[in-house]
Each structure stands twice: as C-alpha cells, then as structure tokens.
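Heads up, the next two complexes both have chain A, just with different partners, chain B and then chain C.
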Partner chain A sequence: MTGLSALFRKGPGGLFTFWNVVFALCLAMIAVLLLRPISEVFVVGFIDPDSGAFTLTNYVRVLTRPYYLAALRNTLVVGGGGALGACIIGVPLAYFVARFRVKGRNVISTVAVLALVSPPFIGAYSWILVLGSNGWITRLLRAWGIAFPSIYGTPGIILVFTLKFFPFVYLMTEGALRSVNRSYEEAAANLGCAPLSRFFRITLPLVFPAVSSGAILAFVLSIADFGTPAVIGRNANTLSTIAYNQYTSEMGGTPSIAVAISMLMIVISMAAVFLQRYFLGKRRYAGAFTNLPEQKPLSGLFGILVYGFCALVVLFAALPMIVVFYTSLLATNGPVFTGAFGLSSYQRVWRELPNVVGNSFLFSLAAVAMISLTSAFISYVVVRRETWLAGLLDSLLMVPYVVPGVVMAIGFTLTFNKPPVDLIGTALIIILVVFIRRLPYGVRSTSSILRQIKPSIEEAAINLGSPPAKAFLKVTVPIMIPGIIVGAMMSFITAINELSSTLLLYTGATATMPVKIYAAVLDGEFGLAAALSTILLVSSGICVFVVFRLSENREGAFV
Partner chain B sequence: MKKAFCMMAALAAMTLYASPPARAADGKVIVYTAAPQEIVDKIVPAFEKKTGIKVELVKAGAGELINRLKAEKGRQTADVIWSVGGDILQANPDLLGTYTPAGADKVFPEVKPTGKWTPFTLIATSFIINTSMLAPADRPRTWQDLANPKYKGKISIARLDKSSSSYIQLAALLQIDGLDKGWDLYSRILDNTQLANSSGAVPKFVNDGEAAIGICNEDVGLLYKNGGGPVEVIYPADGTTAQADGMAMLATPANPAAGKAYLDFALSVEGQTLVASVGRRPVRMDVPALASLAPLSSMKLVNYNLEWAAGYQKTALAKWNDIIMSK
Partner chain C sequence: MARVRILDLKKSYGDFTALKSISLDIPSGAFFTLLGPSGCGKTTLLRAIAGFHAQDAGSIWVDDVSIGEKPAHLRDVGMVFQDYAVFPHLSVFDNVAFGLRQRKVPTAEIRARVGKMLDVVQLGPLAKRMPHQLSGGQQQRVGLARALVIRPKVLLMDEPLSNLDAKLRVELRRDIRDLQREFGITTIYVTHDQEEALAVSDQVCVMHQGIAQQVGTPWEIYSRAANLFVASFVGSNNRIKAAVSGDRLEVAGASIPCPFSHAAGPVVATIRPEKLRLGATDPATSICVRGRVRHAMFIGRELEIGLDAGDLSLTALLAADARAVGLGPGDEVDVSLPLADFAFYEDTENGSLIA
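Right after this comes the complex of A and B.
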C-alpha cells in the first residue's frame, strides 16, 4: 500500500489526484463494459445483414410480422400479469402483517426473501413437476377422472412470476405501511368511512410509491426473464425467448433481428421506469415517523381468513424449494425415477459435473470480488463528489437494471469478438458480463452505508497528512465493510443464479449450474436438475443468512 | 482489513489472467452433440472407462451447434461434432477437419465416409402417435393426412432452425412431392403444428399427451413405446427416408488425438453395439440392429439426394422462417 500512496502523492490541486484518476477509471470501465456493448446492439439493429448498409427493415420486420407481434403481446401480458399478480398477493399480505399481530412474521419474510433469491426457472420447472401434463397433482386428478387445464403457456409463466416477484411488493409495501401517519386513517374512520373503502381510498394511495416501485420492478424483471418462458412457455414465446432463438439461428452471421428485438425490450423496460417516475413526480408524499399505526389483534372469522391467506402464500412460495429438494432425493435410473429414495442425482453431479459446480462458484466469486472492489470506489465517487459527472455515473449505473441479460450477452459477443480483445468462449467474458450486470447491486449497498459515514473522519486523516488513497483505505473502508459484505452477498446470489446472459456465452469448458439445469430440464432429466438446483438454493440460502445477520434492516437489503 | 482488500484485488486479478486456459484441454475431449440422452449415457461412460479421456459435452440442436461453430471459427472451443444430421455436416465442410475413423471399411456402402464426416447411425423418419388420444381410425398414415384440419394444434415438430432431423423430414417430403407441392403441404402441416425446441422433446410431448402426433426419429419414439408409454411408431405410407447422422473432427480441435480416439470408439464394434441396444440402426454391416425395429425393406423409401439436400438447406431455412413469421 506504501507504493500506491507514493504513486498518488501529487500536489493537492493537480489534475491527477487520486480521486480524479479513480473517477476516470470508473468512467472508462463503464464506457467499455456497458456503453460500448449497448451501442453495438443499437448500431447493428440498423444494419442490413447481407449488404452491411443502413436499413430500417429489421425494425419494420419485427414490428409488422405476426410472429414477433405475438411475442410482443405475450411479453406485455406476462409482464403485466406478473406485476398484477405480485400486487394481488403482496399488498394484502403486507397489510395483514403490518397492521395485525400475525404470528410467524419471520417465517413469512424469510420465505419471501428465499423466493426472491431463487432463480425463476427453478420455480417454472417445479410447477411443471406438480401441475405439468405428467405432474403429481395432474396424475392424481386424472386418476379421479378430472381433466386439469394445461399449465403451459402464459398462465404458467404468470403463475411463476407472481410467486417469484410478490416479495418485492410485499417487502416494500410493508415497510411503507408501518410508517404511514395514523391520523389520516383515523380521520376517515371518524367521518364514517368503512374499513374496506378506507383501505382503498386512504391507505393504498398513501403507500402508492412503494406498491408501484415493487410492481414496476416485478414488471421489468418479468419481461427480461428468459428461463421461465423457455421452460414453461411452450408455444407462447416472449421477446427474450425469441431474441435467444433468433440469436442462435443468426449466430455466425450478423444478429440483426435479434438486436432489433433486444432494443424493443430495452425500450419497454425504460418506458415502464419512466412512467412510474412520472406518476410519482406528480404527487407529493410525506413520510411520517410520528403517530405510527398500531397493530391490532386478530380474532374470529377474519383472523382465520388472514391466517389462511398467509399460510397459502407461504406454502405456494415455498413449494418450488420443497419440490426441488424432494425431487433431488429420489433415486433415478437415467432420466427415469425408480420410485425409491437415493442420492443418485447428487452422485451424478459429483461424477459428471464437478467442473460445472466449480465454474459456477469460481465465476461468481471472481465477479463478486471485482464488484466489491469497484463498488467501494464508485460509491465514494458518487456519494462524495457532487458534480454533474458523478451524477451521470450514478444514472449510468441504472442502465444494467433495464437491459435484459440476453441483450447484454449479445452486446458482449458483438464487442469482444475480434483481436485485440477476443473473449469469445473464455471464462472472462462470463465473469465480465455478470460483473457489469450486478455491479449496481454492490454500488447501491455500499453507497447507502457511505451516506451514513461523516466525511469529517476522513478529512481529519487527510489534514493530519495522510494521502487521500490511504485515508480512504484505512479510515473509510473499514467502516464500510458491513455494507460491502452485504453488497457482496447480494451480488453473489444474483451472480450464481445468472442464466439469461451465460446461456449465450458459455462453451463446453465454461458451463455453469444454471446452464446445466436449463439443459437438463429440456432433456427431461429432472433428477439431475433438482440436485443442481438444490446446490444453488443452499448457496443462496447461506448468503441470505449472512445478510440477515449483518444487516440492520434484514429484509430491506433485498429490495 | 487491508489484507482482505488486497486479497480481493488479487483474486480479481488472478481470475482475469488465469481464465484463458479454460480453452486448453488435457486428457479431455470436448464434444458438440445433438445426441439423445440415451445414446450419451451408453457411449460416453464406456468411452471414458476405456480410454481414461474425460468427455465434456455441449448439448444443443444441430442448427445451434453449427451456428456456434461458425461464431467460434478459428478458436479451439471443441474437438468433435457428434450425432448431427449428415446434411448439415455436408453443407458446412469448412467447419470440419479431415479424419476417417478406424473401421470405416465396415460401413454400409450406401453411406460411405466422405473423408470430412463419417456416418454414426442410420435413422428412419417416423410418426409417433399417442394411442390413447387417437383411435386407430383417426390416426394419420401419410404426410398428406397431417395437413387435415382435424389435427389442428395436435402435431409436434421440432424447429427447423434447431434440429437437423427436422430438416431431413422436410427434405424427404420435398423429394416425395416436388418443391412446389411439397412446400405447400409442409406449410399446411405447420398450420396444425406446435413447434418444439428440440427433436428430443417431440416424442416426450406425445408420450405425455401434450401432442397427439409427432414427427421424429424412430429410435426415440421406440424408447417410449418399449418403456410402456401409450404410443405407436409408424412410417408414413407415402414415403420416408433412412438417413445417416454423422460425426466429424472439427477444423481447429484443441486435442486432436482425443478427438480421433472418440470417433474411433463411436464407430467401433463396441460403440455400435451400444447404440444398437437403445434402438438406433448401426452403420456397421457386422453389427445387427435391434429386432423390434421395423426392417427398412418394409418401408417405402424415397430416393434421397443428400447433395441436393445439403445445398438447399440455407434456402429452406429462409423459406421456413418466412412461413412461421407470418403465422
């Protein structure tokens, strides 16, 4: 570290101060890893794949052909359905838990967080195991002579998204409901407003920012998700599955149509985010920390209904995890379940796929190490330097939220496919794509803790003669460590569950667990998929535990 | 604290510099394959046990594998492509190296190795039918029958851009009926079809009752029938074809010796006997096919022109794309 500090011990007013250099490096990194791939995607969309000339035909084709329009419609339907479903479950659950003395609140929030961190495609395939055409319940009902409607297609996708994303709405809304000023509701009650109408006319509007943030998040993540429609969608294509299909059929040539579809996805996500900002901007909300609402006791029929509702939600949200764990313990003979219990699926993982498990951990750890390192510096720049450039950096970090993984991966293959930077088929390209996609999670976590640290401590160190780099590393970073660890855990969870971008970038030597699970599910190898999924879920669960221990606002860290 | 920070930096740096060897190979062979899992489970463990060479598989549809290879051209990402349609290999000679495995002289003379690629097995195109969904009188017998509107939404076919067996089905149909009538018929069949993402999924959908009829390779259909599923495998009465799926060295293998060993094993008596045991027709004259397979002489076989089929593939794909994009 002495070498480093000597390096940056230039005059305090010079251009090449430590933080200026860090700032420049951050911007350069974002330019290369984020802006360049996205602009490649943007440009290629306007290029004729045969002649290389400028053209609008790619977009015209995507916006006129029935095949693409059907996918666009499906995307909006499952995105809207997922968001709506998340609200229908999340808002009542939040209201019950926040306003009544519901026992087992910790169980509900733990299951919600676990549902949130488990990859959606695992949910999709466990619902196939239960309600698919050969699923347990389907077979049971068939034995009784009841025909069960198909779960495949948009209904299945919406079911999975609802149960996957309701925790966003629940966790955000619950926090908001707890901090609403009680007097508004009491005033309405005194004026004779009935409880139900009071909820819709007073309470719900007051927590609208939280509900809408959760819903928009569910919408954006739903339309970007690849694994769920690919596994359970069958003939119902969404933009992300046709972007992937189109990309694989254009591979080796120019993926013009695939990028045109990609741009469409980005536009929809951005429109959703801006729409929400616009609605929020028109109203003013005052957070109140006085006169907080009280929790009422539950009794009678209403109490039974509330508990029944909570229990059902917990059961449905936890079902994929239970199914996956149970299935992983069934003995298999090839793709066929023998009916007995056994560890043969784990033995197959151990025998055939140890490198895949190793890859997953190696890539995720590498990406997380880079994220932790970079986000410490970036959040310092963003939080402590209130220039417009720092503001720009902050807004640029919003971009990975609205760019679907499939699109980011296509951008990477377009950018890093020829010397001097030829990364196709390497582990590095997977690590880098995961890094840039998950960097915002790390930055958000470190920024929030940095905002609570007074700059004066660090300034004192500098006044006493310490160089800025040393002051940052020896004074500020140690205080930031809990935030860095929480950020690292959050990034690790999302990194190890990443499917949509890695599926386009992997080769034989760089396959990861989600990629193999996806392939195994398509092949009907449900035992193998279940064993790998259990390993993923347990890894994520351990990280959740660490975050719970380190974070003051346990569930808040996840939304 | 500083230590932890330095370690993280070191770890990040290490992975940055240590990642390129992910491409290198030692004592392992990287195989791109569209083979069904039953064949993988027979061949791969037997090969690993015999040679001590570890097999790393990339499984995808033939179309996707070929496109991956085009995108990865010049890089040593894989050694061997194994069990994809002969047409697609014939159509992409520049992706392949040259190697003729040991035992090539024992192969049926109709499907001789070309020097670039070698046939691995023979597969006849068949219809798989869910017997509990369709009464015997309702079952289709010919390609023409498949276009009957009463089968709307009941047929499963793998996507042409993913599956090389799908292309062989189409190419056979075009050679039975001629280009114009053939495309018209195929397009009307597509009106009745739910596309599957892989040819392996087609018989599964039929077995599980998600589709009543599937067009698929006979061996996978037979697996479900022999496993007790409510399915029947029939060969279209107006013509079918038995084509080779092939295997080849790639143009830039990372481990050529291991690749050659793999191809040799796949064509050996041992390897061919293993594939015969799961219902594939072996290409070696000295290895018998499974008795439950209908003899080729019982089918109406079309005179299949592989050269033409390989050359027409790109046009066919564009035309297919055009048809499904407009539906």
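Right after this comes the complex of A and C.
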C-alpha cells in the first residue's frame, strides 16, 4: 500500500486528478463545517465551566436532576406521540389513496406536501388561535358552557407534530403500497384471510420498511423541533427548549449543560435511526415480479367513511394555513384586532421589517446557491466513485439528519468564535449553518437523478477528447439540471423556514422571518406573525409548485 | 372432490370483452387445463373463480353450492400463483401454516399437517428458511404445499411453472400431477404451453379470444381439433386449400371421392407433419406429391423437412432413417399423404370441423 494514494482511486491521471481534488475539498469542507462543530460540542460537555477541567458532572446533572429528566421524558413523549400520531393518520390515508379510487387524490397530496413544508411553529400558533385559551372554538364551546381541555403542553405539541409529520408516513407508505405485488394479498384471501386481518398480517408487514422510515423521520424531527414546544408547550419543556434556555442563560460562559443536553438529543436520534436500520436489515422483500395492485371503486358505507376520513385529515392539515392566511387579513391596531378586515399587518411588515424579509430571502438564496453547487459535486463523488471513502462521505452526510438545529448552532458558536474565524453575529454564520444542515437534502435529490444517468454518456465525451471536468460540466450537469433545481427548491423551502439554529445565532441586524414570527407570537402580536407566516407559506408554496412541475414523481420528491 | 360448473360467465374490462360467455362442466377429481395463447382470457377466468374480481354475468358452482358471489376469502378454492406469492416476511413453515391458522386449527394439528405436507413436497428440511433463501422451484413447492394443506375443494393454478427453467418445469409438473392424483382434488390448471397441457391433463379446454373453442381429452384435442384455431395451436399442422365439386374433392393436386357431403366450394384440409411418408404408396389410400426439399433439419429423434410442390408448401416429420437423413435442399422427393389422416374444415376465419 502506498499510503495516501491508496485511499483515493488512483486513475491514469495520477493522484491530483480533477475528481480527487474535488473529493478532497468535499471532505475538508465536511470536516470544518460538520465534524469540527460537533466535536466541539462533544468536548465541551466534559468540561467544568468554572475550572475548565475534565469532568462528568454536566452529564451526571442532566441525567439525575428532575428538571432535566422531566424534559427528557417530555421529549420522548412528544417524539413518540408525534411519530405514532403520524402513523395513525398516515397509514390509513395511504392505504385508502393507494388501493381505492379516491377522487381528489391531488388535493390530498398537495395539502400533505404543503403541511410538510410549512414550519411547525406556524402550526403551533394556529392551533393556539383555534383551540388556545382564547381561541375561536374554545370561546364558542365556552359560550355553550363546554369546557375544552387545555391545548397547551404535551397534547398540543403532539397534535401539531402529528399533523405536521403525517405526510412523511403517508407519502412513503403510499409509494410502497403501490408497488407491493398484489399476489400476496390475493394469496392471503385465497387462504381464507378476511380483509382487515389481511391488512395487518400481510400488507402492513410488507410495507413496514416504508412506514418505519416515515415514523423515524417524524420522531427525529419531532424531538429536534424547537418552535413548537416553545410556542405551545407552556410549562412542558423538551430537551431542545431547555438546551436553548440553558444556552441563553449560560451566555458568555461555557455552555456545558446546554451541550450535555445536546449530546443527549443526538444520542436519542441516532439510537432511533440505528434501531430502525437494525429491524430493516432483517427484512429483504425485493421481489422480481411487478404484478401491481388494482384500485378498487368505493361505495356504500365504507366509501362514506373513507371520504369522511380523508376530508377530515385534509381539513386538519390545512387548518393552520387557512387560519394564518385569514388572521393576516384582519385589521389590527398595534397588537389588537379591530374586528374588521384590512391589510394593516402587511403594512407593518412593509414599514417596520423590510430588512427581515430581505434577510430571509438573501440568506436562503445564498445557502441554496452553495448547496446546489456543492451537492452536484458531492453526489457525483458519492454515486460514481465506489471507494470506501466515497461511502464514508455518504455516511457523514447522514449526520445532519440526526443533529438538531439548536445543537448545530451551539457547535458553530463554539467553533467560529475567535480570530482568525470569528463569525459570531455575522450573516455568514447563519448561511453556513443552514447550508450544512440542508446539504444532505440537496445531495439526495441530485444523487437520485445522477443514478439514472449512465456513466457511458460521460465516458463517450471523454473518449471524444474532452477532459473529465469539462465532460462533467458540459454533458452530465445539463442532464442533472432538473434534479438540481428540485433539490434547490427543497433546500430553499427548508432554509427559509429555519428557526431552531438561527434563533441562537441572529443579532438585530440578521433577524429572519421565522425568528420574528417566534418573537411576535411570544409578544402576542398575532397579526404581524400571521402576515410574516403567510409570506413564508406563499414562498414555500411557489417552490412546491415548481417541484411538482419539474419532478416526475411529484410528491415523492419531498420525502 | 367436487364437480365444478361454470355457467355463461362473462367479463369485460371497459369496452374490451375478455370472456364471452364461458360454460364449463368439470368432473369431480379431474385435472382440467385451460390452454390458449397469451391474452386469451385464461387468467381472467381463473381469477373470477378464485373471487379476485367479479364477473359481469354468469355463475360458478362447486357441487351444488354457488360460489360466484362469495368474497374470495370464503370460497375455499386453493390457488397456486404464477409469481409464487410466497409471503416474504414469513418462514416456509408459517407460509404453509397460514391458511390453517385462518381456520383456527389447533396448534398441534397445524404442526402435524404442515410437517407432513412439507415432506410431501420435499421441503421438510427447509421449514425454517425464509423465502429469499429458496430457489424459484422451491418457492413454488411452498406455494403448492400452502394451497394443498387447507384441503380445498378445488385447486387453481395459473401458469405455476412458467417462471422456472425447462428441466425443472418437467420435473415439477410430474410432481404436481402425482400429488393431484393422490389427493384426488379437482384441479383447474392454466398454461399457454400445449405440450404441458397435453402431458398432464385429463381434459383440456382450448381458449381463444375469450371463447372456449373445444373441450376434450388431450387425444381428442390433438386428433380431432374442432376448428382451425385448435388445429394450428395444438401441435403443428399442414394447411392445404381444397375444393368440393359435386362428389369429388380436389386436394393437393389430386381428385378423390369426397369423404363427406358438402356444398360445392372451397374447404380447408389439414394433415399433421408426422403423418407424411417418404415415397409413393397406394393411390387409393393416399395422395402422392412430388416436391423439392426447401430445408432438412435433424431436430433430435426426428427429421423435419420443408417441401415445395407447386404452390403447395408442406412440412413433414420423418423417422431419421438412412434415406431421410441423406436428403438435402434442392433434392426432388415423393411424399405420400394418407387419406385417413386428413381432417377437413370450413374455409372461414376459424372454420369448424366438417369431417
């Protein structure tokens, strides 16, 4: 073995070929922007904030004090509840839409995708407007003398997570249900298995990989979410809210406790992901036969129930968006609604917060530009270079999925806080954190299109005398363009809705829309929050529209 | 053991009619085969019997019970699938036990019956395996065991061997036939392979364009095809233009006494290639044709010869004796066509048998 060169693929061009250089740059970037911040977080967790010596007290404290343990329990409850709720809604919906001729299928999937791309804290605050202590329905019920149970705390959080994350389960499961060989269900029927038992004994186990992927995604995103528990949780803290609180109260000192909490969150997410991988590893169902299931017509009582269920899900999922839009059109006088319609909330945005809207778009566009460029190169390396280092790069890109935004932000402040790279309070740190957090999504959509382009196309260009870099840019990239645009749209949606990391990193000059919405909700400025949220939703909606237009597998692009 | 009757069954997909009034009467314990080219409606018929889709009209009877309106899981007809459909998340044992568990059979009995059935299909040692650890042939044995172990009244098989290689196909079809005899179970078997159909069946139903063309024993189907479609689909056949004029029949350049009564006009004569003989024989019992060899191929055991005689083109299957093997393209030979081996059909699209 000749050391370093054996690690890279040594082609005819020697060690410093175009692709080896790209590869090295990708690894270096991941090391600086991902591994370094996370290892900072890891190290600081073992440091005594006063003496600077090695200690385990931070962890001991987090794992023994009731305050932290309650947050841990709440986190697991809302994560598990969110994932379970997502399955309870997502799986039946997927089954109905995949197996029956449900009219309005496009409405269902469009609403599902919109719910998916809208930030969870908007859902949280909409439900407060509806079911909160002064919400419409609460007041209505109170007028009739009915006391509605409080929405604040874990029930509210679970409700919001359920309605926010069921689309993952729904979209993944629906795709899987469409491709299950229908003979399995027929064979079960033929052996005497009644329809309901058939669903539980055959169909559900066969689509378990998809259901569990969706559920795990819901779980991981639920426990990482900051905005929802912060808005609707009241006294129910979760790990991400106490990490944030600890961090802001430890401000200036060493955020040891916040970091210990962060590590706990990472461990939980990773445990969930590995558990699912472990169970999936034992299941290999890939069949060679494509005897696809038929869609049955709906009729009778069952048909009514199915349509009722679908309508209810659509209504509940769309409700936050409707509420936000409606609220944004109510005239306000300061924080008080006057009772008439009017555009005063939008006027306030225009007058008081133009820089906030500008920041949001500017930061997101910058992050998206970087993501698009980088993911084109990374996906090429990952898809076309089959060395173990390329595999490593692929696995490293899994890391941002399990690192909550709050944690990533803490890592960044610990890493880039002193010269020569002092980025605290700059726009760049926000852009970079969004960039690294959303890079995997961009890489995934470009990789999937790259996998469909045969290497021979590029080889033909090289064979005709084009250097490899030029062949890639002139031949492969143009074919990848739709995938890159889809990836860019998805990154843009997540970037412009980012709250959990920016909340720790912003200063007055770099505030973004989600940050302002959060602050406005806390101040009771619901009109302003609604106007900003509507702007966010419309921007996301436009991106969704573009993805639907460009993507063959419309909804599939979002999961 | 059960007699199966299908009365006037019709099924359309949109405006395409897949089954046009099928009626069949299948005796108890018979091995009954639906044979026909791809797309003729065999699967559609079988799935209607299994209850996977509803027929537009007609009824299905097992003994004296009408099952045509029952849901699939209550029909008690076993089915073996073309794509095996062995549940991928269950072991071999659990696959075979599946139907018994649905019937709430006691655990001890399940163990005994499944064990015995796995031995019958020679999978005893593989009971704990998962389906992805089995070959295609083994998976289909699981499918067979799974269908038989519930002791259904009727067994349905939709091209169960078509995804297997040729040698395994022959081996497994023999096993299927032996098992069917042993269990005495009424079996409806679907295939597009005429050799397979002839080899295993008690009765064959030849289907074409959603119509049952002919039902009969393999020998009847082969030797007295009811119409031109059956004549050419089952085994190969020479098709010769012929004409009736008065009581004479013009065929292959000869004029013979017409062996049937028919109005004057064209008819079609057929004769199987293996009935052709090399050399001229008695003109009273056969027609002699002189032709030029187009091709001569030794196909193992027999020799296939293509022959042109004027506008007549014939294929002959000959015993591979010294004289026949010596033939090559361009050689002039005499062949004789025995009159007794001719069959005559109306000269229409799918003309029916005259005599």
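Following the convention adopted for this analysis, the second predicted complex is superposed on the first by the 544 of 559 C-alpha atoms of A that agree within 3 Å, B and C clash if a C-alpha of one lies under 4 Å from a C-alpha of the other, contacts with A are read in each partner's own complex, and residues count from 1 in each chain.
Methods note: a residue touches a chain if its C-beta (ideal position, glycine included) is under 8 Å from a C-beta of that chain, and two chains touch if they have at least 3 such contacts.
A quick note: this is a predicted structure, and the numbers were derived from the prediction, not measured.
A.B. asks: After lining both complexes up on chain A, report clash or fit for chain B versus chain C.
C.D. replies: Superposition result for chain B and chain C: fit.
A.B. asks: How many degrees, to the nearest 10, separate the directions from chain A's C-alpha centre towards those of chain B and chain C?
C.D. replies: Taking the centre of chain A as apex, the angle works out to 160 degrees.
A.B. asks: Quick one: chain B or chain C, who's touching more of chain A?
C.D. replies: Of the two chains, more chain A residues are contacted by B.
A.B. asks: Is A:295 in contact with chain B, with chain C, with both, or with neither (first, second, both, neither)?
C.D. replies: After superposition on chain A, A:295 lies in contact with neither partner.
A.B. asks: Please indicate which partner A:338 is in contact with in the superposed arrangement: first for chain B, second for chain C, both, or neither.
C.D. replies: neither
A.B. asks: Under the stated touch criterion, which partner chain does A:184 make contact with: chain B (first), chain C (second), both, or neither?
C.D. replies: In the superposition, A:184 touches chain C alone.
A.B. asks: Considering only touches as defined above, state whether A:372 meets chain B (first), chain C (second), both or neither.
C.D. replies: first
A.B. asks: Counting only touches as set out at the top, which of chain B and chain C does A:106 meet: first, second, both, neither?
C.D. replies: Neither partner.
A.B. asks: In the overlaid three-chain picture, which partner chain does A:413 touch, first (chain B) or second (chain C), both, or neither?
C.D. replies: Only chain B is touched by A:413; chain C is not.
A.B. asks: How far apart, in whole Å, are the nearest Cα atoms of chain B and chain C in the superposition?
C.D. replies: Chain B and chain C, overlaid via chain A, are at closest 46 Å apart by C-alpha.
A.B. asks: Where on chain B does chain A make contact in their complex?
C.D. replies: 1-2, 5-6, 8-9, 11-12, 15-16, 19-20, 22-23, 25, 30-32, 37-38, 41, 56-60, 63-64, 66-73, 75, 77-78, 159, 161-162, 194-195, 197-198, 200-201, 204, 208-210, 227, 317, 321, 324-327
A.B. asks: Over in the complex, which chain C residues touch chain A? Could you list them?
C.D. replies: Residue positions touching the partner: 50-52, 71-79, 81-85, 87-89, 98-99, 102-103, 132, 143, 146-147, 150.
A.B. asks: If you look only at chain A, which of its residues touch chain B in the complex?
C.D. replies: For chain A paired with chain B, touching residues are 1, 61, 65-68, 132-134, 150, 152, 230, 234-235, 245, 248-253, 334-336, 355, 362, 365-366, 369-370, 372-373, 413, 417, 422, 424-428, 431, 473-474, 477-478, 481, 507-511, 519, 522-525.
A.B. asks: Contact residues on chain A for chain C in the complex?
C.D. replies: Residues 181, 183-184, 186-195, 197-198, 202, 205-206, 208, 283-285, 287, 289, 291 of chain A touch chain C in their complex.
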